[in-house]
Amino acid sequence: MMSSQLPALQVVLPLLGAPFCFLLWRYPRWSWALATLLSWSAFGVAIMLLIQVQNAGTIEYAFGGWQAPWGIEYVVDQLNVLVLLIVSGIAAVVFPYSWTSVQREIDPEQQSLFFTSMLLCLAGLLGITIAGDAFNLFVLLEISSLSTYTMISMGRDRRALTASFQYLIMGTIGATFIIIGVGILYMLTGTLNMQDLATRIPDLGTSRASQVAFGFLITGIGLKLAMFPLHLWLPNAYAYAPSAASAFIAATATKVAVYVMVRYVFSIFGVGFSFETMHIQWLFVPVSVFAILFTSIVALFQRDIKRMLAYSSVAQIGYMLLGIGLVNVTGLSAALLHLFNHALMKGALFLAMGAVCYRIGNTFIDSMHGLGKQMPWTMAAFVVGGLSIVGVPLTTGFVSKWVLIQGAIENGWWPVVAVILVASLIAMLYIWRVVEAAYMKPRPEGAESITEAPASLLIPLWLLAAANIYFGANAQFSMELAQSAAKTLFNSAVVGF
Amino acid sequence: MLLCEQQTPRGLNQLPRKKTEMELAVNITLLLMLCATVFAVVKLQSLFAIVMLFGIYSLLSAMIFVALDAVDVAFTEAAVGAGISTVLMLATLVTTGRWKKKPERSGLLPLFVVTITGAALVWGTLDMPEYGNPANPAHHHVADRYIAESPTEIGIPNMVTSVLASYRGFDTLGEVIVVFTALVGVLSLLQVRRPRTFARKQDNRPDTHRRRPYPVLQVVALIMMPFIIVFALYVQFHGDFGPGGGFQAGVIFAVAFILYTLTYGLDDSLALTPLPALKILAAGGVIIYGGTGVVSMLLGGNFLDYNVLAANPVSGQHIGIIVIELGVGITVASVLITVFYAFVTRAERNRAGEKQVDLPNKAD
Amino acid sequence: MDSIFTDILAGALGRYNYWVVIVLMMAGFYVVIASTNLVKKIVGLNIFQTSVFIMYISIGKISGGTAPIVWANAELYSNPLPHVLILTAIVVGVATTALGLSLIMRIKHAYGSVEEDEILALSQAEDEDE
Amino acid sequence: MTPESLLITALVLPLVGGALTLCLSKFQNARDGATIFTALVLLFVIIQLIGTTLSGGTVEWQLFEMLPGLSIEFRIEPLGMMFAGIAALLWPINSLYSVGYMRGNNEDNQTRFYLFFAIAIFGVMGVAFAGNLLTLFIFYEVLTLSTFPLVTHKGNDTALAGGRIYLSILLTTSIGLLLPAIIWTWTVAGTTDFSAGGILYGKISGVPLTILTLLFIFGIGKAAVMPVHRWLPAAMVAPTPVSALLHAVAVVKAGVFSVVKIVVYIIGIDTLSAAPWSSLLWILPGLTIVVASVVAIKQDNLKKRLAYSTIGQLSYVVLGALLIAPLSIKGAALHIVAHAFGKITLFFAAGSIYTSCKKTDVSQLDGIGWRMPFTMTAFTIGAISMIGLPPAAGFISKWYLLMGAFQVEQLVAVMVIITSTLLNTAYFMPVVYAAWFRKESGETILTYGEAPWPVVVALMLTAIITILLFLFPGIPFTLISAIPL
């Protein structure tokens, strides 16, 4: 009986845990413990779902016992089980980390509110991923967005407030665009269920209204995933949010948005409509090429390393869109694989920055001189993550770039190959700046002596760093998941799930 | 193209001509009024006027909703848009000031973006299904079943409530969580505190912070409160049969306390509804709603499957809907009250003359 | 000639509702992106969203129908599903508004202004100080 | 021990040595002893493996699979065995030399030096035994990254600037050119395994094949074919033992070795010779040879002169490979060996001079032969080998290269080889002449003699091997004739 309820439990556990977490406002430690426990259970559920999907194929769950399309359903398939695994896995690492980090960055009265927000955000992201209903997706999107705005606004700098507000405006515009798109689709098909939409949209042919709906959905989701040039909210949001929040959001939120994009483009509208009627690749490819180059260069000039990583994220999202824009199985596999890998690397990098912030109070590059000797473990983990961003062999980044370049070569798009490689070199430069500061510059005279971050920060950090190496050396697992999902998405254009 | 051919005007012709013409006239009038309001908002500089116009805009759209047969939506829009949102905006203006300082920036780029977006939409409407046509695809497939089956499957006459609470009950749980999330956010940004505490910090004038008593208003408010609360309870439990339900009831309930705060001050209303109690209720409502789902799971159904709550599925549905509507009402009422208190606290601090300085962004 | 004209008129009559709503939507959208005042931005956002609500409800309207509450004389009910969706969306909207307004009050407190360009200037000065 | 466990030992041993030096960092003698001991054990293991290879055994070991069909795996074949043999033979000698050099010059951070040196040797072993392109690429990068701290060992601005050039050129070429070439290969061939006759036969032809070959040649920046040679002079800021073993032998040989290996086992000689303009490819290394030799003449700094000489000599190997004649490829392989011993001797001598009297420029070397007779004797032997005169190893390899050039009737290539021999003479002989036949200038009042004994022993050893290789070329010959051409 338990196993058939898993899809609901995946979301309901953190969702209903949140009010309890909130009720413990006098006891932040308990509130954190509860949140951590729930994040672990969510990860457990995701693993069980993965096993179920691999054994039995797609799982459907009807809320309230109402069959879709009349009721709301959850669908778990090859594609979103991967995303569920990423989101809950990152949460299972970041939640334990958050306690120590939050002690330094957030006032005790607000801590349980922070943990509640994190839990709500987790629930929202998981819900978006698993939702099989276009409108339910919007509701869960708003849960995750509102909690994200809250977390960002809790940053210590006052610019956190403006960053949060800017994100709120952009995010709400994005969400409104999404409901406009969903509304038009409903008007044309009479259904909100994604599977149902996927079977009915081909009947519409190339109607103008469905093209407009497509446009609004892509723009709305594009705002959410920081598609260049709609990314302006992202750098400040990541830079000024509390460290634990930055790590969690950076590793998961945009990934979920990319997933939604893939879901709409491939399964709901279908390959034929998206790529042959709308030619969406002619948007994705130039935009992502420009994003990759431009934001990588901007990242080079950042003083705040968190902000540098944020710009790097925009570039990395470009890789994923590029993979989608290649319109071949290899490219899509690369995009999905990078979804997984980028979560690991950015998670590790932001957690490392959180540990630095814990000790020195900021993440400016000039404050990090000589840290390599004083915080050897933290900086070593940063280097691992950084190498992964660059795409050095035996890290996850290498595998994604390998497959992405392979996809580009299959299309014979040599300039795109060149762009990917040039961007790797730029990434090398911006990671190198940090390495040089930390390892080759002496600690400034008179600076107070710094000790290594506590184990409660280091253990989660190294879990992610080690995952970067493990999945870089043995990418069989992630690649198989990504590849089988990509194949399904391409092959079953109509029955998109 | 397929759609255009489907649009047989027959359905339209069979309808009483007069009624549709009336609808058309009302509609067009209201829409024109909406346009006028919106253009005033675009042009005006006074924030106070803008906010008031927004209230009017909401009220007008509520009227449109009535004209378009969406009575539940109209009820909610009136309560929320014209009510709570406007109140919250006005409370914000106390802190931020009533006037915009500068004229708009040169709006060429925004104008361009808006024009493109609008043009795309208009282009899209050209082959959209005709407005109001009963043959439109939107009205078939899924909606058919709600209209045909819900009175027997769920057993209540208000189809909106059936869909809201049962068929799409999980959406509504999500909606309650969104409200709850907003509470978490507002509480993390603003504090709820008795104004007396910081008035004392600022100076030693003991009484200036208290509102001058408005005896007439206070008495009227006190008389009105029970009626408002009774009305809220009516809306809460009558939602199955007519427009209304937990959300609208929650808003009305909150309005009673907002009225009380406006006339008696935050000190007194916080004594009436202490903050911890409000927080517990806010979380409690969510737990009641979610708990219903968990119970149905434990009884062997899917999450939020009310059929298993009683021996007879229809009475199960009844129980489920009543319980979850209660959860919605409790959460919405307590969240809105708390949010309002938080806004008032901030406004009171301003009144108490706290300096506007660059403080580190900490919980103040 | 005449039939073309009536066709156009019929088409326009079938769509005027959408068109007006689009105008409203775009006006709200314009206020959001063009206004420099944060409060006005939030008002614009609300207008934008409310207009989308009207669009949804228009989709659900059936000419000559009545509110979807069962009563004896009713022959045709309007579509209840958009109503449900918009109920949810209204609530989401007010939640966003409350959060946005709280942020504005904190921004006012931290920067002493709610004008976007002034805040931007202050932030940039801060960026350079670092 | 089974051949397989020998292979694993050969790979792991340098890392163990590195770990040992780290553990023993407090005890200088024990630490240095550990390094030399590890090097000797490695030599022993490699000799065993050479035995296995000569008797025709094949050894394979797969570490893990990264992606389906794409794994980290090792496979011993004659060419790689030869490369590993050179490195293993020179590591103990170089370690001995390092001990003398590092102590003689009171260098800081000696433990770090030995640690990264050991990691670099680990990289070399990986490159030598790589069973496919991916493995080769990974260890190639390990070699690049692990030598960076060695190049910047002094830690001053010059060293950092040199290090930056070093790293940026090597990484840029490998990521920007070599990596796409590898992925391209994988995309068309479905594998990156090294196998006899190449894997690209029938998979790719025409101009794309030529482009792919060029990507490989320039992508392997370590082969220093102009214009991607700039990193090598820049790397000369490193302590001399590093320049000697790594930038005369291990790193640069890893480059040319990879080129030869790719030409033979990936592209395949027959496939390559069918590609358009393939008969002109040799012009790239040919030009490099001439230009590098001319530049070398102008260098006054001895290590810089040696560096440009290295660039020229490396291109001999590349030239041998790109002439696409079986004989020239054998010559190329042989030149890897010959150049290794000759050039390391020369560097050892330069380091020896620096250690004993801090002289770095050619113009300061008048009469130095009589103060440091062993050093300069060794230098002379090295120089003879570089020029390609008997009785040194360089003679044999150049002979084969010339034969190869005749075989494919590239008379211009023959001219290039002959011209460069003259140029070699022009930049080495003045040094030898000055050292032995010029009088020391009167201003020098310093008295100095030979460098510390470990330095002298080491350089004499390599000089002797250079001559022995001419007299008894049996083992390298046997290995080379086992290369499937």
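Letters A, B, C and D mark the chains in the order given here, with residues in each chain numbered from 1 onward.
The working rule: a residue touches a chain if its C-beta (ideal position, glycine included) is under 8 Å from a C-beta of that chain, and two chains touch if they have at least 3 such contacts.
The structure presented is a predicted model; accordingly, all values stated were derived computationally and were not measured.
Engineer: Remove chain C from the picture; does the complex fall into separate groups, and which?
Structural biologist: Drop chain C and the rest stays one piece.
Engineer: Could you see whether A-D or A-B has the larger number of C-beta contact pairs?
Structural biologist: Between A-D and A-B, the larger count of C-beta pairs in contact belongs to A-B.
Engineer: Looking at C-alpha means, what's the farthest chain from chain D?
Structural biologist: Chain B.
Engineer: Closest chain to the overall C-alpha centroid, by per-chain C-alpha centroid: which is it?
Structural biologist: A
Engineer: Averaging over Cα atoms per chain, report the distance between chain A and chain D in Å.
Structural biologist: Each chain's C-alpha centroid was found; their separation is 45 Å.
Engineer: Could you put a whole-Å number on the gap between the CA centroids of chain C and chain D?
Structural biologist: Here the centre of chain D sits 70 Å away from the centre of chain C.
Engineer: Cα centroid separation between chain A and chain B, in whole Å?
Structural biologist: So the centre of chain A lies 31 Å away from the centre of chain B.
Engineer: From the mean C-alpha coordinate of chain B to that of chain D, what's the distance rounded to whole Å?
Structural biologist: It comes to 76 Å between the two C-alpha centres.
Engineer: Give the residues of chain A touching no fewer than two other chains, as numbers and ranges.
Structural biologist: 135, 139, 142, 146, 149-150, 153, 158, 161, 180, 186-187, 192
Engineer: In chain D, what residues contact two or more other chains?
Structural biologist: Expected reply: no residues.
Engineer: Indicate the residues of chain C shared as contacts by at least two other chains.
Structural biologist: 25, 29, 33, 38, 59, 81-82, 85, 88, 92, 95-96, 99, 103-104, 106, 110-111, in rising order.
Engineer: In graph terms, with chains as vertices and touches as edges, which category applies: line, ring, star, complete, or other?
Structural biologist: Chain contacts: none of line, ring, star or complete; other.
Engineer: Name the touching chain pairs, please: which are they?
Structural biologist: Inter-chain contacts occur between A-B, A-C, A-D, B-C.
Engineer: Can you list the residues on chain C that touch chain A in the complex?
Structural biologist: 25, 29, 32-33, 38, 41, 45, 48-49, 52, 55-56, 59, 81-82, 85, 88-89, 92, 95-96, 99-100, 103-104, 106-107, 110-111, 119, 123, 126, 130
Engineer: Per the contact definition, I'd like the list of chain B residues that touch chain C in the complex.
Structural biologist: 7, 9, 12, 15-16, 19-20, 23-24, 27-28, 31-32, 34-35, 38-39, 41-42, 47, 50-51, 54, 57-58, 61, 64-65, 68-73, 76-77, 80-81, 84-85, 88-89, 91-93, 95-97, 100-102, 104-105, 107, 110-111, 113-115, 117-118, 121-122, 125-126, 128, 130-134, 136, 138-139, 142-143, 146-147, 151, 157-160, 162-164, 168, 171-172, 174-175, 178-179, 181-182, 185-186, 189-190, 241-243, 247, 332, 339, 342-343, 346, 356-359, 361, 364
Engineer: In the complex of these two chains, what residues of chain D are touching chain A?
Structural biologist: Listed in rising order, the residues of chain D that touch chain A are 64-68, 70, 72, 134, 137-138, 141, 152, 155, 160, 171-172, 175-176, 179-180, 183-184, 186-187.
Engineer: Any idea which chain A residues touch chain B in the complex?
Structural biologist: Residues of chain A touching chain B: 1, 5, 8, 12, 15-16, 18-20, 22-23, 25, 61-66, 69-72, 107, 109-110, 113-114, 116-117, 120, 123, 127, 135-136, 139-140, 142-143, 146-147, 149-150, 153-158, 160-161, 180, 184, 186-193, 196, 203-205, 207-209, 211-213, 215.
Engineer: Spell out the part of chain A that touches chain D in their complex, as residue ranges.
Structural biologist: Residue list for chain A touching chain D: 391-394, 399, 402-403, 405-406, 409-410, 417, 421-422, 424-425, 428, 440, 472-476, 479-480.
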